[in-house]
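Think of it as A, B and C in the order they're written, each chain with its own count starting at 1.
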Amino acid sequence: MTPSGGTPTDLRLYRPRISTWWWTRKRSYFVFVMRELSSIFVAWFVAYLVLFLYAVGQDAAAYRRFLDWASSPWVTALNVVGLAFVLLHTVTWFNLTPQAMAVRVMGQKVPAFHIVAGQYTGLVVVSAFVFWLVTR
Amino acid sequence: MADSIRLRVSRYRPETDSGPHWQEYDVPLRKEWTVLDGLNHVKNEVDTTLSFRWSCRMGICGSCGMNVDGEPRLTCGTFLSDYEPGPVTIEPLANFPVVRDLVVDLSDFMKKLPRVKPWIIREDDHRTVEPDVEYLQTPGQLDAYQQFSMCINCMLCYAACPVYGLDPEFIGPAAIALAERYDLDSRDVGNRERLDVLIEHDGVWGCTFVGECTRVCPKHVDPASAIQRYKLKAAMETVKAFLLPRGAR
Amino acid sequence: MTRRRVEPLVWLMFSAGGVLAAVFLPILVFLFGLAFPLGWLDPPDYQHLRTVVGHPVTLVVLLGLFVLMLVHSAHRFRYTLYDGLQIKKKRTVAVLCYGTAIVGSTVTLVVLLAAA
């Protein structure tokens, strides 16, 4: 922004540009963007599970073939990375919930610890239920 | 502790510069000195041309916000000794246009704040009501909004918010926190008017809950919490608008 | 009177999808993405899985789960594109993101019905 004519009292504001890499400069920004990118893996796993359900809907051979495909190195690597991102989503989501809602019980504000603990309890209950439903 | 510490200060003189550049100054390093003390030393003893804002020097006026080593801080509450051996990098508050040196243009916020009507709105016309009436509140009613009333408009939250940096249309953390402060105040009935402003696209929806605003706030206002609660409130109102017949709203 | 808006409702679906993803995906991914394919645990008997998947309650639950998680994903990714890549064609991005979620939801419904 070069100065160009005008009286000495003109406002010549300098407006800094934000770099595309703004999120790499601070750890909190980086973790935030990683958290947001977990959305890609959420979508991937929905697709993966739908493919799995498609195989189950066909026959036992298709089910077998799916499991074989899923055990291949690339799919396994993708799922390992994906699981890491899913767990990042879970942990950050649980930690943010107390900040996102003011929960009051009998006039008292419920401490954040209880809200976080409640969610992890829910996670354990749901996981146990799904495990039981699938493996019984 | 060393005798002095180097300040690396961003300078910008619009009458001669096309952009900012660094200038370094060595200031005394005293145990109780803040970054603001360092800057005042520079202005008083070394270089009177350095421009920056400050006032109360005790963390209540909100004037002295700057980016210190990349973090939005109130310079009156930031101790030089914490940055030993230095240098301490001092830049104008991020995400705002720079007027000169460390002074930024806050007119964007000044335009946005009144849009959320940050004052008590009552049904009764104040011209017909007794002027000395007290509106009583229980401690519980005060507690509901008190945290959000601590905002000193220092703009550190805007400097920390990447969404505001990338999309200047976003109304921003402090404005939303202040709207919530009045919505939660038992003396106020202006919820609908503020909702109409904040339910817009440049209102609460741009926020992606980064949470940096809360982290940098010197008065522990927790604007991120105010914003998420406001989103939930707006969503509930929208659900009601869809479900209930016109008359019931 | 507030005119009816869609964004708040999309945000509600995003939030619901976020909760469901946080609570259901870890176990589903662990079991079906790693444990069964890699043989850490014996894969369930095909007939048993077929019965569970074929149950109407399963269909409703899975449909709800997947649709909400797709909306969650689309909504979050949309804002990642705005803030991360600073893409200015906002309406195009929104249409692409939610459009993909709608397509994905339709495919999900078709597959679930076929498996029932």
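General remarks:
FYI, a contact is a pair of C-beta atoms (placed from the backbone, for glycine too) under 8 Å apart; a residue touches a chain by one contact, two chains touch by 3 or more.
Everything numeric in this text was worked out from a predicted model, so none of it was measured.
Here B-C and A-C were compared by C-beta pairs in contact; the pair with more is A-C. Centrality by Cα centroid goes to chain A.
Separation between the centroids of subunit A and subunit B, computed from CA atoms only, is 29 Å. For the pair subunit B and subunit C, the distance between C-alpha centroids works out to 37 Å.
As a whole-number value, the distance joining the C-alpha centres of subunit A and subunit C reads 12 Å. Of all residues in subunit A, those that touch two or more other chains are 18, 23, 36. Across the assembly, subunit B contributes 162, 166, 208 as residues in contact with two or more other chains. The multi-chain contact residues of subunit C, meaning those touching 2 or more other chains, are 76, 79, 83, 86. Residues of subunit C touching subunit B in their complex: 1-2, 4-5, 7-9, 11-12, 76, 79, 82-83, 86. The touching residues of subunit A, when paired with subunit C in their complex, are 18, 20, 23, 33, 36-40, 42-43, 45-50, 52-54, 56-57, 59-60, 63, 67-68, 70-71, 75-76, 79-80, 82-83, 86-87, 89-90, 93-94, 119, 122-123, 126-127, 130-131, 133-136.
Within the complex, the subunit B residues that touch subunit A are 12, 14-20, 70, 94, 97-99, 105, 140, 162, 165-166, 208-212, 214-215, 222, 224-225, 228-229, 232.
Only residues 162-163, 166-167, 192, 195-196, 199, 201, 205, 208, 231, 234-235, 237-239, 241-242, 246, 249 of subunit B touch subunit C when the two sit together in their complex. Of all residues in subunit C, those touching subunit A in their complex are 17-19, 21-34, 36-39, 41, 43-44, 46-50, 52-53, 62, 66, 69-70, 72-74, 76-77, 79-80, 83-86, 100, 104, 107-108, 111-112, 114-116.
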